[in-house]
């Protein structure tokens, strides 16, 4: 026997086993920046409705890495040229694609670090790791930023059929128990191909792709934008904004976590690149720790929101096809203000509305190319008898309306939750 | 402890356990007519492509019965009035809904018993059993034939959301391994409700229903109408027609099975009601036994078709959006006839074309009613942002073209298959 | 892109996808001898108790082939040297390991072809195929017969941890729905290793191996030797023996299938090597066709047994720890003979007893070697705190007693089953 | 239709759907004490090895409640008398059986609240809830404490075959992906019966019970007592002890969470009954928040342990059959102390040993009674050919040895982790 390659096998309830067999991949996974993702839940407050949905960003990244390994094997077996360096680089890029997520991922994105998208932070962190690793991530970064001359490698990370989406739909559907969200990821992977340097799927995958888009549509409306989940996540955003508003108004609101406190106390949006080290210490525990602490805060509104979130006694919520009129919102706020003895502006933290939207498939922005046996290429919305048609290309908007029942307000604002 | 109710538990890989706990249901299941369904495969020759798809009609019927038990429990828990008699009757009706299927189910339907649909035979058999059981099936038959005054009971057996469909999609998807065909049957069952005596689903089931229709569409094109499956099943039909043609032309073609032989030797379509006893002895074994026997028949065409089916060396097949022109078919037949030294008419058994069609959802024929919280009822194609729209209501037609490669013909018609 | 390798993907509900990517493997699978396995059920009459257990020998062989592909990849990644020729040869050997099974596999083994074990026939068929394939199976046969100088290759096909067992336990457990039979086949595969040319498992697999042996024990007593399954299979054996007895006594018993008839009519056990062609035409359909035909046979005993099996109205059966005394058996036979008006010898076909046995693990015959990190090797029964100990090495025997209720006999022997 | 019963359906990836349909059960689940269990992971640091194992105590309690619903239905269908009040009471008792768990469940049990077992706290909390609910939990508490005159109801909550064990084995095996831990919970439930007021299983469940015990054994050694998991959990205990030691020595160690701080600062073990309110505010977030905070603590040892746990750069660990000698431990401590410039006593926080043990089945303490068809009752270890025998009744002990590599110590104790 020749010398065995060192490798590690990780149990995954979704895929069975995930194999790690490259030293650089080991180093990335072992790094504290990556391990931090253990403490960021993938689906924020979806667990308030789907109690199983407590899986982490680390788990999702590992899963996407596993699908990437499979996708690369498939493409190679069909003749796509992928060098050993490219292989490792694209695997590292997918492992790190979500490294820039902060506490509660999308739910607090652009709120905690005002106006900054997680992908920008992912890139900053990758660059920082690259310094520590003496340039070993150069190619991974080049592929991640879409500058590499083989576009299909980038498309595997970020595109209509990327392994990121395939993993999160599969994994979220698995952990929520919403079996209808199941996609045939393994079949789609088997049908991937490269044509003119671009990622495509073979003709016989058409129905699987349709199924994939319909499953995504279902997951959006049934899970990600479930009205209770939406409500809890908007309450979370309101809590952070309320805290920051109070601070900027000169009141004392302290988060028990030093790093979280740092970000909250700034009067202006911070330059994240200057504070990357601090950002990399933040996770769900800092935010939930603050929320638990603030359940006793003197500001009645902040305390009430925190207690409601901790005890899962949420605002009432409606989700509807039409926007909520300003009159209704104002009237409800005034009623609450009066009943609870708070200002109308304060009441706006307990009565608010907004828009949720989702597009099933937009052929203008994002193409899923089908490669036919005769060599022609068509978008999935252009094939014969397409299920996915123009009517699905416009975003569907729904409007949420969250409000505190005025009758329940006094007790709640006094600090009793049951 | 009071006296326990006798009951039997059957292991089912799809649902876990199926419970049988009523004496009349026991009697029906134990009857030889029902046991015959063990010998009729649910999916005919789909197993030539999906080797796991060898489950039986008996298994499907038991599965549909299990879903019926669950559906009735759900509806009852929502306040629907279902008497103990109705409960047993509708369970027996679903157990027997497919009892009229003959060998290879749909593949030979209206071929072996010319022009007769399996549902008519199911009814005849139910009536015959009813005599043996002294009228115990009166109510089951009344519900089965749609004459009962509670339409939702019939709709559970036969309708857009019946448990028959739910079981076959779930089961066929399970045994083929085509996981994309999975429907959230358990969720749909939980959302069933009765309104104005009709079966409906609650508003929050909309996405599950869409998913159900898309899964069905996928199963049709990917499995039931898979071109290789289609080809094998058309070859089976051709074999029976060829045998009958030879017999009616005065040649000797004998099936080793006495009952099958009886049906084949008739010069005219038989009156099935007169020969129900014989029909109830027929199953896949009779037909496959004949096919195996005829691999050595003097008629070269019949023998070749039989050998090809037994050895899974099928005709070539194309599936396309446009009909195959008569010229192409004729030319191919003539080429084959010449090459193989057979008549053009004989060649028509080895070169043929036809049409396969499927409708994703036809709101005119079949309504899926959504009951909204405010009491309004809308068809699934009429809800906001519907995925299922008019464009999906027309049948999609595809055209198959099966043919023997002329170059391969001589050897095949000489009796060598490899 | 370089030229893609031709390959075929088969859906398998158990493993997802099975990939076939070698021309010789294609040829073997396409051969009529291999396709015949589609018509032999893996578990004979287990389906009378577990209705899902209708999967075929072909499906099992494909599954074992799939596990072999995985096992070879694992071993190679750990440094085992396996040449491309060995790789293909061992895959073909596992594909063909069960090719010698006849109708109803184990249930009729050594009964239909008297005294011959299926493995001997597998070897004969492999040799015959090897002639057709001009020696391409030389190495496969050498490995199959255990003569190759790398014993681990043979052990993968036939040994305590072979992929045959792993597949049949996994597959049978899947299709019966007896989830307790599930083994962690994927984990065991990941733990396989080669040491001194022998197949072993790594230390950390100990609990998985224990689980594997316990699952096997459970499957034997709960499924394979389930008393109803046992009874049906013994009735099948009795039918064939009765038919042969009648024939050898000069009575006319004809099977509708020509090849089955050939084997039945011989006065002496046949030399199977001389009639391999005929054997390769036999499958379940021939035997069940005969049984259906004989339900109308003038010999009352033969006809009754056949009707009972067809209609699943089986003999009563007891399974017990002690042998059934000759007195009880004789008394029961005499009672039946008298009641039914048949001879005592005839009654022996309807009242009989025998022994079923199973050994959980016999360390003398079959070793499962554990390779410890320090290089030592121990048998699984020798590790610390072993679950699997000497007490489990003796075969457990149970005794079945099948009998016809004398009260039910007259009607049954008159030809009425319900 | 009569008025529908209000009910709520919760998606569970393990069981599909969990139904809640009783107002009192709703009230319990909605209570902040119950909702707190969302923030306590079921398996503490098992997720460092099995990344999917992040499910919560709330999820486990809901799952056990679901199995209880099924078990009660089964027993009732077999004639066991269970009143509506008993039904609700036993469901509430199982929902609350783990309500007394604190942060990181078993890992910190008796450490954070010194010397107090979680079941005692569960009872205190149930009594407190009972006051709030005006005595509605009287019967639940009576059953929970084993004082009710129908012992089988208590045995369903706490006994060898309780639904607690069935759920945690099933759920932990599901979320870790260790499929070998799967037990046939549904089959065992179907085999439960009541005899002389005691919970038993029917004879045909013997193999399932054996499988259940073997699966539990496997889960213990492979998961719960996995050496890396063990190491991380012992580090957690050491951190809390170190913090308390420092505090009791007069140094300042403050937890950012007020309630956690309260418990840490006490000089003596607290009377938990007096501080139940504070206890009910504690969860994983308080402890992890403190650990993150202490990564910067001036005490080098505390800080190092916290950083190592946060970054998953754990102590090295060995698990062996023999105790680790005091000499080896002392030598290693001295070496570390010298290398790192800390005291030998401090080094004891970074070099320590202990014992882990597990008993597969102890028939003296815990009986699993098998009810045979003839009415006799035998313990599972007394049946014929038992797998589970006396040799498995002694606890198996293993000894762990956790230590910091002296070479790595200086950097770590300086505050750098990579």
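Letters A, B, C and D mark the chains in the order given here, with residues in each chain numbered from 1 onward.
Note that a residue touches a chain if its C-beta (ideal position, glycine included) is under 8 Å from a C-beta of that chain, and two chains touch if they have at least 3 such contacts.
Protein names from UniProt, one per chain: A, B, C, D = Phosphohydrolase.
From a predicted model like this one, the values you see are computed outputs, not experimental measurements.
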Graph distance between subunit B (Phosphohydrolase) and subunit D (Phosphohydrolase), where chains that touch are linked: 1
Same vs different contact residues, subunit C (Phosphohydrolase) with subunit D (Phosphohydrolase), by half of numbers used: same
Longest centre-to-centre distance from subunit B (Phosphohydrolase), chain (CA-based): D
Between subunit D (Phosphohydrolase) and subunit A (Phosphohydrolase), distance of the C-alpha-averaged centres to the nearest whole Å: 31
Subunit A (Phosphohydrolase) and subunit B (Phosphohydrolase), separation of their C-alpha mean positions in angstrom: 43
Length of the line joining the C-alpha centres of subunit A (Phosphohydrolase) and subunit C (Phosphohydrolase), rounded to whole Å: 50
For subunit D (Phosphohydrolase), residues that touch 2 or more chains besides their own: 16-17, 178, 187
Subunit C (Phosphohydrolase) contact footprint on subunit B (Phosphohydrolase) (complex, rising order): 10-14, 16, 30-32, 35, 38-39, 47-48, 50-52, 54-56, 58-59, 62, 132, 174-178, 256-258, 281, 285-286, 288-289, 292-293, 310-313, 417-418
Residues on subunit C (Phosphohydrolase) engaged by subunit D (Phosphohydrolase) in the complex (per definition of touch): 178-180, 182-184, 187, 207-208, 210-211, 214-215, 217-218, 221-222, 321, 360, 384-385, 387, 389, 391-392, 396
Contact footprint of subunit B (Phosphohydrolase) on subunit D (Phosphohydrolase) as seen in their complex: 1-5, 7, 9, 16-17, 21, 77-81, 186-187, 190, 194
